[in-house]
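For reference, the structure is listed below as structure tokens.
Naming follows writing order (A, B, C and D), and every chain is counted from residue 1.
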Amino acid sequence: MTTTLDTTQVKALMGAVADGLIAHKDDLAALDAELGDGDLGRTVERGFIGIKEALAGPLPDDVGRTLFQLGKAFSNAAPSSFGALYGTALMKSGTALKDKMTATLAECADATQAALDALMERGKAQLGDKTMLDAIAPAITAMRAALADNGDDVSTGVFLRAAAAAAQRGADETASMQSKIGRASWQGERSSGKKDPGAQAIAYMFDAAAAHFESQP
Amino acid sequence: MTTTLDTTQVKALMGAVADGLIAHKDDLAALDAELGDGDLGRTVERGFIGIKEALAGPLPDDVGRTLFQLGKAFSNAAPSSFGALYGTALMKSGTALKDKMTATLAECADATQAALDALMERGKAQLGDKTMLDAIAPAITAMRAALADNGDDVSTGVFLRAAAAAAQRGADETASMQSKIGRASWQGERSSGKKDPGAQAIAYMFDAAAAHFESQP
Amino acid sequence: MKKILNNPEDYVPEMLAGLLAAHPGRLKSVGGDVHCIVRAESPIEGKVGIVTGGGSGHLPVFLGYVGRGMLDGCAVGDVFASPTIDQMYETTKAVNGGAGVLHLFGNYGGDVMNFAAAADQADMEDSIEVATVLVADDVASAPADRASSRRGVAGMVYAFKIAGALAEEKASLAQVKAIAEHCLANTRSMGVALGPCTVPQVGKPTFTLADDEMEIGMGIHGEQGVRRGKLQTADEIVDQLIQPILDDMPLDGGEISVMLNSLGGTPLEELYIMYRRLLEVLKQHDITVYRPYIGRFATSMEMVGASLTVLKLDDELKRLLDAPASTPFFDQSQYV
Amino acid sequence: MKKILNNPEDYVPEMLAGLLAAHPGRLKSVGGDVHCIVRAESPIEGKVGIVTGGGSGHLPVFLGYVGRGMLDGCAVGDVFASPTIDQMYETTKAVNGGAGVLHLFGNYGGDVMNFAAAADQADMEDSIEVATVLVADDVASAPADRASSRRGVAGMVYAFKIAGALAEEKASLAQVKAIAEHCLANTRSMGVALGPCTVPQVGKPTFTLADDEMEIGMGIHGEQGVRRGKLQTADEIVDQLIQPILDDMPLDGGEISVMLNSLGGTPLEELYIMYRRLLEVLKQHDITVYRPYIGRFATSMEMVGASLTVLKLDDELKRLLDAPASTPFFDQSQYV
């Protein structure tokens, strides 16, 4: 049977992701201090507190509108580059899943692709510019491969673990890139050798998501 | 024979006093730092460098005008309270000795009294207010006593040593006074126990003057 | 660095509350949110509204230039953090007098992306025409071939003044946008940092410099500059600020306006010591100065250091620079 | 504290040279001495000249208030040191328009005695009528029964504004002196220091405070205050600044102007946090604020801290406070 996620599961998932990312705020701050202005820890903390507050309140019934609301909450709570972009990503995934009470994993991969497209549109960055995009793109490829290899009844845990592993590899690879966009680009060549903090945040996110389903019976 | 000082001697004396006071600039700065703003060392240094520069240039022939010029040089080089007052003191001693090519020690005592009067007029302080006045007044008394006890042929060294000893006693006694005037008065009762820096500068001045004549054959 | 504050989390809202209470006849907030500040007389019918926004901690930047002949509104973020999309959107709506709104702000990722979203929203929901001009004047932050990715620093004050003056004359949105772009095409800045500042909620300095060190080209939030080295003399520092500007924007003589700006902790006395040297250097290049602006125009709280901005003048820029302007933090009549 | 300077001995002359070059249409020096600064249009026939003077390092105090509607001249000393008698005398002579000259300056020994000598000289040699008014507004520096021995701090800016406005109307020397005295009788100040400044020629801080300490009532050159203790919140600090002022000058409701002044290193943001609390306290006493002045009006270079000045208003003081004034450092149109 095709694996799906319903709205309740999505909410639980986002709560787990929020906790996971908040736990990593100090490493993210340290990475951003090297390459940017050091506020990514605070951005992530504030943004995910915003999501947790939204999760505690009334939310729509469908997966799409729920994600859209959570994205808005994130952006307004954490108004930095990552905040604006991650919020946009959630909102665009939500638009892609509008009116759905459940989403298949294939639809989840498509929604992530829609988010990536929107990020590139808003942020004007390309793959290889040393940004969060460089973690998201390989995660999408890995999601699609997991479905192709294991069929559409693959467990959500396996599906997300593949994404997480790919995202982490992508984040690690940003270390060898030279920053072309955002605050880190002002460092020019000196940015080489340092891992992009936004990409690492994305890798942590997929990791927390995978761990959430892996820990379920 | 009545002891006198001529203009050349007065100039040499002022040069010696200048060197003596400049050598004490750090202690005076430290005293002023406790009770005032700590600039008395710099004031004394700049003022006496002004005097030394004036001594190196052309000066009038008489004792009075010479002292007057040196006083002006001091005030313009060191425009603080002590600078203004010490300059005034020299100018007023000069006025008292105007046109004199030599001055007797009795005339010197009178000129110092004239300076003290002018200081009280300009600075509005009273004896006992914890200022330089409290070193000058006992010095004058001691000068007169030296003349009365030893006659007017007393050596300049003995005459000035008596003044120096009295000035130092006066300066020491300021420690038990409470400041009534100037910057130190803002400390109120907390000024008790600390020696007035201006009074100590006066004591150093008489000491340097006495030493100058004592060291002469 | 010791600060006079209450709970650090209340730093920005308390500051804004005090500021709004201090200037009631000139500024007001929008819909009860102190982070959205507009001219008391907003919206002004038929006038292009100019909106800026950015993090707190830079007074008089940004909100200090809201006033007659300059800006119409400002969305205010937390210290060194972008305002939210909502705040930008509400501010935009509040200054719309029917002639469109110009978003004019510094080139920082969070601000850029949030302003883009706010502009979309104003267009979608209220049919407000929004144009955007980014300030990217800091020559230290990228070479000339990537000039559009540069940081925005004190040069934005010239853009506020020039665009604000034209908007006050009821020029069209296209005209106001064009003059802002023209002004910024002729504006370059370069800074030096000697000491850090502390973000209240963080509680520790944004960077460290040894007692005898300075960093040429450092950004106003502590972003890396072009060269860290021994603290040099005022004359040497000025030479290193003006030269990269002249290299980037060649001036064959002519007239410029300069802004010599303290980052906060550096006293005015030192700016005048720098200005003395600046005039010597400019004289060697046959450049004359019109209307110097010397003071604190764009700060980073108590950061120690200074920045130099050059605006290359033509007749139109001169006319608009001369135009009256009055805000609670800036009055053009002071600069004659 | 790191400074942008060349040879420390040249700090003041270089600063003044830069300043005179920056404001040529408004200020000029007297007889080639940059320490004697007067309005470019001096002397003004038939107008009482107002001259101040004091040490450098306090910009905009003192010379920053030379301009229309405020002062006519300023004798400038070395950092924190009195100008010389000669400089005061030359400045006095240069602003004499035949209606006499008011010496209006802070109550510091060196300045008092040198101005007295300069006044004597102006009288003796040039028959210029000189009146003297001392500013002694710092309630922390002496109890009420020795009020005349108090230090002069930021309150002098109100005296410059009020006396300057009346002098601009061509009032007589007696009238200008009387209004300056009336203004100062209604002016009280109190400050707090959190960190020191460094006199360039000395090279080390004027005082030390532990990382968690502040001193209430400290003078602007580091003179001892009334209480050293743990750094408190903004609200607690404001309470301790306003209370001694209200104790010394009881106000049963009514209208006041306030000046909330940074000593240099404290950013504007913190002044607004303080102002918010100040309004709360004043409200409890039914006191309303007219024209707050919030900014850097009297500094000690980079000293960290702030001062609060209260001017109790009546109709005449209000009228004169409202009058136009414009200097390179202060423009009344900014404060509306």
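Throughout what follows, a contact is a pair of C-beta atoms (placed from the backbone, for glycine too) under 8 Å apart; a residue touches a chain by one contact, two chains touch by 3 or more.
Being a predicted model, the structure only gives us computed values, none of them experimental.
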Q. Which other chains touch chain C while also touching chain D?
A. none
Q.
How many angstrom lie between the centres of chain B and chain C, each centre taken as the mean Cα position?
A. 57
**Q.** Mean-CA-position distance for chain C and chain A (Å)
**A.** 33
Q) Which residue numbers or ranges of chain A touch two or more of the other chains? A) none
Q | Numbers and ranges of chain C residues touching at least 2 other chains | A | none
Q) What kind of graph do the touching chains make: line, ring, star, complete, other? A) line
Q) For each chain, which other chains does it touch, given as pairs? A) A-C, B-D, C-D
Q.
So in the complex, the part of chain A that touches chain C is made up of which residues?
A. 36-39, 42-43, 75-77, 79-81, 83-85, 88, 122-123, 181-183, 185-188, 190
(Q) Help me check something: in the complex, which residues belonging to chain C touch chain D? (A) 1-6, 11, 14-19, 21-22, 25-26, 56-57, 59-60, 192, 194-195, 211, 214, 231, 233-235, 237, 264-277, 279, 292, 294, 296, 299, 301-302, 304, 306, 326-331, 333-336
Q: Using the touch definition up top, name the residues of chain D that touch chain B in the complex.
A: 77-78, 80-86, 108-110, 113-114, 116-117, 141-143, 146, 149-151, 201-202, 206, 219, 221-224
